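In this document, chain identifiers A, B and C correspond to the written order of the chains, with residue numbering beginning at 1 in each.
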Amino acid sequence: MDYEDAIVVKNLYFSYNEKLVLKNINLQIKKGEIVTIMGENGAGKTTLIKHFNGLLKPKKGKVIVLGMDTSQTPVSQLARHVGMVFQNPDYQLFAETVEEEIATALRNFGFPEEKVKARVEWALKVFELDKYRKRSPYLLSIGERKRLSIASVISYDPPIVVLDEPTAGQDFLQKEKIAELLFLLKQMKKTIVMVTHDVEFAIKRSDRIVLMADGEIIAQGPTFEIMSSIELLERARLKPPQIIETAYILKRKKILPSEISIFTPKDLVEAIARNVDA
Amino acid sequence: MTALIELRDVYFTYEGEKNPALKGINLEIKEGEFVLLTGPSGCGKSTLCRLLNGLIPHFYGGDLKGEVIVDGLDVRSTPTYEMAKHVGMVFQNPENQLFNSSVEREIAFGLESLGFPPDEMERRVEEVLRAFNLVELRDTPPYMLSGGQQQKVAIASIIALRPKIIVLDEPTANLDPLSAEEILELLSVLCKDQNITIILVEHRLEIALKYASRLIIMKNGEKIADGTPRDVLLTKEAEIVGIPPVVEVYKTIRRRYRITGVTPLTPHDLANLIESLARGEGNGL
Amino acid sequence: MLEGFLYKPKESPLHKLDPRSKAVILVFYTVASLIYLDPIVLVLLLLSVVLLSIVGRCVREWSKSVKATLTFALVIFILNVLASPGLGYTYALAMSLRFLSLAAAFSLYFLTTPPEALALSLEAAGLPRDFTLMLTLSLRFVPTLARDLQIVTDAFRSRGLKLDSGNYVERLYNFAKLLTPLIVFEIRRSLMIAEALESRGFGGAVKPSLYKPPKMSLIDYMITAGGLVALGVIVYYHLGFPQ
């Protein structure tokens, strides 16, 4: 078993109510990567990631997380290594104070009390929730509750972090904050798996993209390769990022040469400067 | 033409709160406008929405100052069930606004609540089912519909009441981009074909901008920008809501190439602009 | 077991009947099974439900509920024998048969009646919308609540909460922790539903009209009349009327 891989998925099939919702999924996620799984609602993205901490077990095939076969390992053990942040934080908030909320996972996993205290302090500081430590989680704003849900998962330092639609319903400034948190996690050398249909966010923050449609992976590869293919994105029922689409149109009209890679607004501005005299 | 919606010096504070959620709002919206309302979390846009159909002050209480006139009615003295005939409201979570066991019954619900006679109800329900392509789904329970279909049913249920105004508070937040676009496209058609005034609260500007005739940005309970999308996006205030990438590119190159045309809102707009630059056809759309 | 009480749409004469006429028959069965202590009569009642389940084309689903309630019926039999030995086995048998025929009748009712139809027919009969809406909303949100519970459970298990191992006390205690976010969530949800209801014109001064109200057919009226008569007969003969 190659331990360079954080997660290995081999020929995974899963069905729900006698309907096949995941078909022949093959995936390898290396340690330290940021992989984003994309597709429309119902493509099977959330079903797939629930296999990573054992909430769902394969019908056929294998899911190996850090060398552990998920069909043979209880959720409580897998969850220790795979932190999962769900889309809506309100489904998990239950403690009386923000502090307690963050401490929960640590206590569940049997951390000694001094360690619990230390990690809670760390999480409160890093996620800027210090001033709310004694407040009820329900009294925080939506953005703060989101930060809290991420904090309560990162507090126990899992090597793999899975985020389900981290930017759903967030405003622009909140999204920037989440991007900062992702950068922090990357610096902590964590493996990050993100599920989102926010193409603009994904293109900026991912190393690799996995495209799903109808329960299958239709393409996977480096971010630029996948995101610049309009056809692939269309098959996954996603709108291409604006810069990619603009570049595509201009290349088709032969206004820009087709070889240059245009990814960010800056790329496009430079390409225009070099190829368009006005 | 007199405004369909008028807000004059509106201040509103929720019960138990110290800080007002709305501070000195002055606003006029004419019939047939498609208004995109945006701003950071907590800026007061949801509060403003609820003012328009009477949920504030009737459902939420609180301290309301100033004038709010919607379709000729003073919101303060008009009960919400009366306002429902003039203003329809669509909420973010589709699940929580579908109450019935089938699509057909859902569309009829508002009509039932307002005491419409049976034959008028049947006529309108059939009309709406056909207009929204929901005839085949008429007996389907809400939990079996996709998010996009649910929102479509919510909008259809409101259209059955034939309001002049529809207010939508982040209706596409839980939808994927293509479903979101379908909904926005639907709203745009309603606006153009039936002159229904649309007020849409949305964070995902890249999807919504091309449909709007007006962009209003709020911050901390105040209106900080108001105008056509193309104008407002170039202001400094727009930076807090995140400018779409094509506008970002435009802002950079317009200085360099001295472009004086209109702001592009979509990749096609921007591509056309650059094409006309390349072909030396002047500076802009 | 729950499957035996869940509505399944089928083409059968029972499915076509109005919920109100079926309710009258259900009341008859309830009263009859409470009045009669003779096991033979109770067996006959039970057999008639079997026949009806054939008419209703739901024998398979209906028999599932009966199989499940058989265990309870057995428990009732044993308890009665132990608790009141003087009354004999016949009495104990009657008690368990009573339970069986009640469960059987109710199961058949729910199998052949869409729950929403019940709320509608109650409203058609004159019950105010405020009450029927409670019924409609509860029913409509059952699948939603089930989904919410699943999500909350997933979220908690992902943070190490053990729900599938450990002794019963531990598991129960852990399960209780799920209730807090679930309850808060559902309260919030109900506020949002209330908002949406108000925005759709609910709560007005006018009495709400009913879209395509369920109509009682001739057969429904006959069955209702027959049921009421049968009810009257057995009550008269077995409880007597004050002269």
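Simple rule for what comes next: a contact is a pair of C-beta atoms (placed from the backbone, for glycine too) under 8 Å apart; a residue touches a chain by one contact, two chains touch by 3 or more.
Keep in mind that this is a model prediction, so the values were computed, not measured.
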Common contacts of chain B and chain C, by label, are A
Could you tell me which chain lies farthest from chain B when each chain's centre is the average position of its Cα atoms? C
Comparison of A-B and A-C by number of C-beta pairs in contact, larger one: A-B
Cα-centroid distance, chain A relative to chain C, in whole angstrom: 44
Per the C-alpha centroid definition, the whole-Å distance linking chain A and chain B comes out as 30
Considering chain C alone, which of its residues make contact with at least two other chains? none
Which stretch or stretches of chain C touch chain A in the complex? 148, 151-152, 154-162, 164-165, 177-178, 180-181, 184-185, 188
Using the touch rule from the top, collect the residues of chain C that touch chain B in their complex. 114-116, 129, 133, 136-137, 139-140, 143-144, 147, 189, 192-213
Parts of chain B lying in touch with chain C, wherever the complex brings them together: 50, 53, 55, 58-59, 79-82, 84-85, 88-89, 91, 93, 95-102, 105, 108-118, 121-122, 125, 141-143, 157-158, 161
Over in the complex, which chain B residues touch chain A? Could you list them? 39-42, 92, 146-148, 170, 173-179, 181, 203, 206-207, 240-242, 244-246, 248-249, 252-253, 256-257, 266-268, 270-271, 274-275, 277-278, 280, 283
Note: in the complex, chain A contacts chain C through residues 50, 53, 55, 74-76, 79-80, 82-84, 86, 88, 90-94, 104-105, 108-109, 138, 152-153, 156
